[in-house]
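You will see two complexes here that share chain A, one where it goes with chain B and one where it goes with chain C.
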Partner chain A sequence: MADQTMSGADALGGVDRIRENYLAMARTRRLYGGLMLVVFIALMASGFIVADERNAGGFWDGVLNIFDFPAEVLSEAREKIANLPGLMVKFLPSLVETLNIAAASTLLGAVAAVILSLLSTRGLARYPALIGVFRRIMDVMRAIPEIVIALVLIFVLGGGPVPAMIAIAFHTAGALGKLFSEVNENASLKPLEGLESVGATWPQRMWLGVIPQVAPNYLSYALLRFEINIRASAILGFVGSGGIGYDLRNAFSWGQGRYDEVAAIFLLLFLTIVFFDQTSSHYRNKLVGRV
Partner chain B sequence: MAMAEAARAPADLKAQALRLFARKRLLSFGAPAAILAYFVYVFFAFDIPGLAERARMDNAAILVSDAYSYKTHITHDNRNGGLTMAVEGENKGTYPKGMIPDFVTMTGEDAARIALPDGYAAEIEGSTLRFDVPDYGRIVVRVEGRDIELDLPTETTPDWISASSSRVDITTPGGRAIVTRARTEVYRYRFGWELFWFTLDSPFYGKSVGELASLAVSDQQVRPGVGNLAAMAHDFWNNAMWRHKDVLWAIFETILMAFLGTMGAALVALPLAFVAAANFSRFASARFLMRRFFDFVRGVDGLIWTIILSRAFGPGPMTGALAILITDTGSFGKMFSEALENVDDKQIEGVQSTGAKPLQRYRFGVIPQLTPILLSQVLYYLESNTRSATVIGAITGGGIGLLLTQAIITQKDWEEVSYYIVLIVLMVMFMDWLSGVLRRRLITGGGEK
Partner chain C sequence: MLELDRLTKTFGGRTAVDAVTLTFPKPAMIGVIGASGAGKSTLLRMLNRLSDASSGRILHEGRDVTALRGAAKRAWQAECAMIFQQFNLVPRMDVVSNVLHGTLNKRSTLATLFNLYPESDIRRAIDILDRLGIAEHAAKRAEALSGGQQQRVAIARALMQDPAIILADEPIASLDPMNAQIVMDALRRIHDEDGRMVVCNLHTLDTARRYCDRVIGMRLGRVVFDGGPDELTTDAAREIYGADAGFSEAATSTAIDALDRPGPAAAVVAAV
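Up next, the complex of A and B:
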């Protein structure tokens, strides 16, 4: 920048030069943009080819059959449509278990996340030297997919909702912790100073000075996480923990003849997810003051 | 009038403030109480008291000790004779003829002395096992016809020995020995992941880093016709015990699933988002339908899409990529259309005033405003989908998720499980880092911050 603001002696030549520079820059920009587009397209295309090769069934065969399975399920469900309400009632307890896993793990994870995030925010941390350590801990917690912990815990604790709950809570603590600490950074430090001046301890300062400022944002993130965790707990059920995912796998691996159950579970899951999506987005908007 | 109002106001205010306080107090005590009550309910609904019974702490012990140590099996075949030594008792880890572990001394054709840590020692002679325990004495186990005889230095059998006429199992901190009619076997535990670099059949097995480095630069070819470094790479890559090749391919497949799925979803969702955005789509019915379509695709969970697609495409990375693509089309469509509704009209008008056609208006008036938002969301999803791809791989059968579930189902290769877990964590952290770098590069357009 500095070398362009020279004396006005050769202003005319300067303008020409600036224009040339600008055009050259625009050209390189376009070139880079074009190159990136080419690289991106090449990546997508080669990735597609590799994925297609390594898949058991090819893409082009599969595309034609994509509606076969839903059609089978639907036709069987239509035949036994009278069963559906009964089946939905039958699977309600499993659905409640799935929701319980999601809710309990969100609560546990959020509590851990609050503590971790307070410990890893500059200005709030109890041990400022350890901020980096707590951040790395959260990174690792976030990086471990739920299924890893769930599968290992199923081996130790046996099947059931507890492995899924612990696994999801662990991941939630890391994911929410990061979001919470971003919220914390915007919190005003003045209430903290006030509290400190009257001799409040660290937990008191956090509880009375920080939490009330950030609670709406915390809640909003936690609600979003709850939505995500419902899906996660359904999936973990499918690989061996309890809940509706487990029933789905049983009905699904039974194959034809139980597709009415598959349909009922699909429907229950769909309705639940849509319901919680809508409710939570409504309350989230209310919490952060958007319309 | 005015005076009456003024008199009422403070009283009102006070009442209002009191009501507020009461509500606050209720909330600050009620909310924790409600959460606590919920946990009490969950405690019983999840049968946590019964968990202690069901929990297999012995499994946990196996898991932890296997994760950082390995065992070498010294086995005598009591039916056909012959002594074999194998890492983890696996075929792939069997010591070839003429090669024995450093803690074994052969004392005869079918006899070997095995040095165990902490002063323990074992000796196999034919089918007979002699096991020396410090401060206890020598245990002798013999296979006599159909029975197994146990000779102890004490009258009572200690609790670390389980014995019956068909099986004797000695578990000590120094090692483990099992004698059945079929075989006499000693396990020796050691710290580390054995054979991680080279298997026993490789000429590079057991060499130190220094030796390997000097081999790598020396002209003497260990395997004629192949450079030493290439031979090392080949032996490592094709390691039958740890299957580095398959593992790396699986990681690549998982990342591929996430990449194809995320980018594909963004490409599909972008044009659809224009239809769903109020300021770009003139037909309210089309808008409504598109939004319901997004809701539907998001509502039918990734799990259900995965199941449906795995029926059509079979196991593999393509199925996973498509499942991610379909689910995220809904999320992206919703987010993109919201972003589109928030674009600044002034820039579009400016472009329009130069005589730009509609397509040019989108290209120069809308896309530049949108790119940072879109890119940051897409990159964020790329990272989170790497994790989803692991889970989807476990369901459909592809990528590192499949390897992980397989290794866990066999319930013995815990060192492989921990290897995979480390790799998964590194993979996700790498994608996290990569998406962060790209986000900074592409959005702030330069190196600063």
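Up next, the complex of A and C:
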């Protein structure tokens, strides 16, 4: 300890300097923090005012009516509550179609995402010079809304589940690719070095060295994406790709007297999401080995 | 000042700490030794109320600490600082901020969420860092420091709490011998100069002998040894670790001078 105390005494002037430097730094940080807060509040306020002015009805006039629609749906559904089980059975086939679209697109998208992510992770990439290219490809895939792709494909291929599946898979590849590549960055490079030392090729190193490390995280992201895709494929039903979304649109747009169907469809979707959330967390835990 | 009364902790069917009864009449430097799984860490965690006792009581100045809840419990934790083997600092925050975390219990939640501390606290934090010889690292991130330096930041955080008791759970187990000595010297100095009670879990017998006023040996959750450092003979150590005659302390000693030290050197405390 003696030498430590000595160095402290030597730097007596130094400590004052350190203290003043740190206090100055703390004050600057505080100033910037305060400025950021002011800017943030100003942006929020101005953004809100602009949006409120451009709204047809005005936010404050409309805010009280927000619950009118759900209230109407619920009250009508309550009146016809006896119909709900029958309606849920009736819509089950379209739900299965929607789930099929979601599952197929998640699977295709995930496979593409694994490849894209490995190609765009520093330290793993097959062609390090092309990392930027693959990243931009994924950006593009994420940037185009799936509904635009679906509309174009429906125009070209005609309505049905296939355009929806391609559209969702395209988006999924971009979105999962980014998440996967972040997972890859945290993978240890040591097993890869071990495999490289025995003369393994790049696909061998990736499949045998990286995938076992990242598989639980991949799976949990893929399952989350599957949930999102169930909703996406339901929405694409609105523009004519079948599934439960098509039924939902009909129930909505014909309005009068069909809110019990709307309630039945929402209930089905809700139960589906809960079901897949529960099963997925169960299997994910099993994979990680802590059930 | 501190009394443990039949303090027990069970995990499922396993008893980690078994009816430990100890009395500490005045602040001292206490070493707790024992094999891994002997219940040393659990004992310290119960003292800090990081984990709850299954039964038994902890009395501090006559007050039952085990019964405290909510704000009163957090106030006790502020009074009874903890130092961990792996330092448990926030790696991405600067050293002074980590030290200032010692005042969290006294400050309003809102102010601390925005990292706003009184200037007097910042000055005190840097003074404490200077006392421990690491003031020049004040503005660095905690993760940029070496293990020994990080442990001294953790000690500074504990001192910032101005605690009556400092609990140290294997403070030197992840440090090299040189840094271990610096950290132990610092803990001893805190006891000598500030009169704070220091309870220190230790892996190495020579450290316990060298720095502690009183050594407590634990085996399978029970106290099997309680005495001065000079009573900690090789036979006593065999009893604590449940080892046979093949046990030799020198075989794994990490003390730099273990090679040429003649025997148990309790007098070294005076040299600190």
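The criterion applied here is as follows: the second predicted complex is superposed on the first by the 230 of 291 C-alpha atoms of A that agree within 3 Å, B and C clash if a C-alpha of one lies under 4 Å from a C-alpha of the other, contacts with A are read in each partner's own complex, and residues count from 1 in each chain.
One rule holds for everything that comes next: a residue touches a chain if its C-beta (ideal position, glycine included) is under 8 Å from a C-beta of that chain, and two chains touch if they have at least 3 such contacts.
Please read all numbers here as calculations on a predicted model, not as lab measurements.
Q: Determine, for the superposed model, which of the two partners chain B and chain C contacts more residues of chain A.
A: Chain A has more residues touched by B than by the other partner.
Q: Which partner does A:Leu23 contact after superposing on A: first (chain B), second (chain C), both, neither?
A: A:Leu23: touches chain C, not chain B.
Q: One more residue to check, A:Pro216. First (chain B), second (chain C), both or neither?
A: A:Pro216: touches no partner chain.
Q: After lining up the shared chain so the two structures overlap, which partner does A:Val15 touch, if you call chain B first and chain C second: first, second, both or neither?
A: A:Val15 contacts chain C only, not chain B.
Q: Give one of first, second, both or neither to describe whether A:Leu151 is in contact with chain B, with chain C, with both, or with none.
A: In the superposed model, A:Leu151 contacts chain B only, not chain C.
Q: Thinking of the overlay built on chain A, is A:Pro191 touched by chain B (first), by chain C (second), by both, or by neither?
A: Neither partner.
Q: Return first, second, both or neither, reflecting whether A:Gly33 touches chain B, chain C, both chains, or no partner chain.
A: In the superposition, A:Gly33 contacts chain C only.
Q: Which bits of chain A are touching chain B when the two form their complex?
A: 40, 43-44, 47-48, 50-52, 54-59, 62-63, 65-66, 68-70, 97, 100, 103-104, 107, 139-140, 142-148, 151-152, 155-158, 160-162, 165, 231, 234-235, 238-239, 245, 248, 252, 266, 269-270, 273-274, 277
Q: Which of the residues in chain A come into contact with chain C in the complex?
A: Residue positions touching the partner: 1, 4-5, 7-8, 11, 14-15, 18-19, 21-23, 25-26, 29-30, 33.
Q: Could you pull out which chain C residues touch chain A in their complex?
A: 96, 114-116, 119, 122-123, 126-127, 130-133, 135-136, 138-139, 182, 185-186, 189, 272
Q: Give every residue of chain B touching chain A within the complex, in rising order.
A: Checking each residue of chain B against chain A gives 35, 38-39, 42, 45-48, 51, 54-57, 59-60, 63, 253, 256-257, 259-260, 263-264, 295, 298-304, 307-309, 311-319, 321, 387, 390-391, 394-395, 398, 401, 404-405, 408, 411, 417, 421, 424-425, 428-429, 432.
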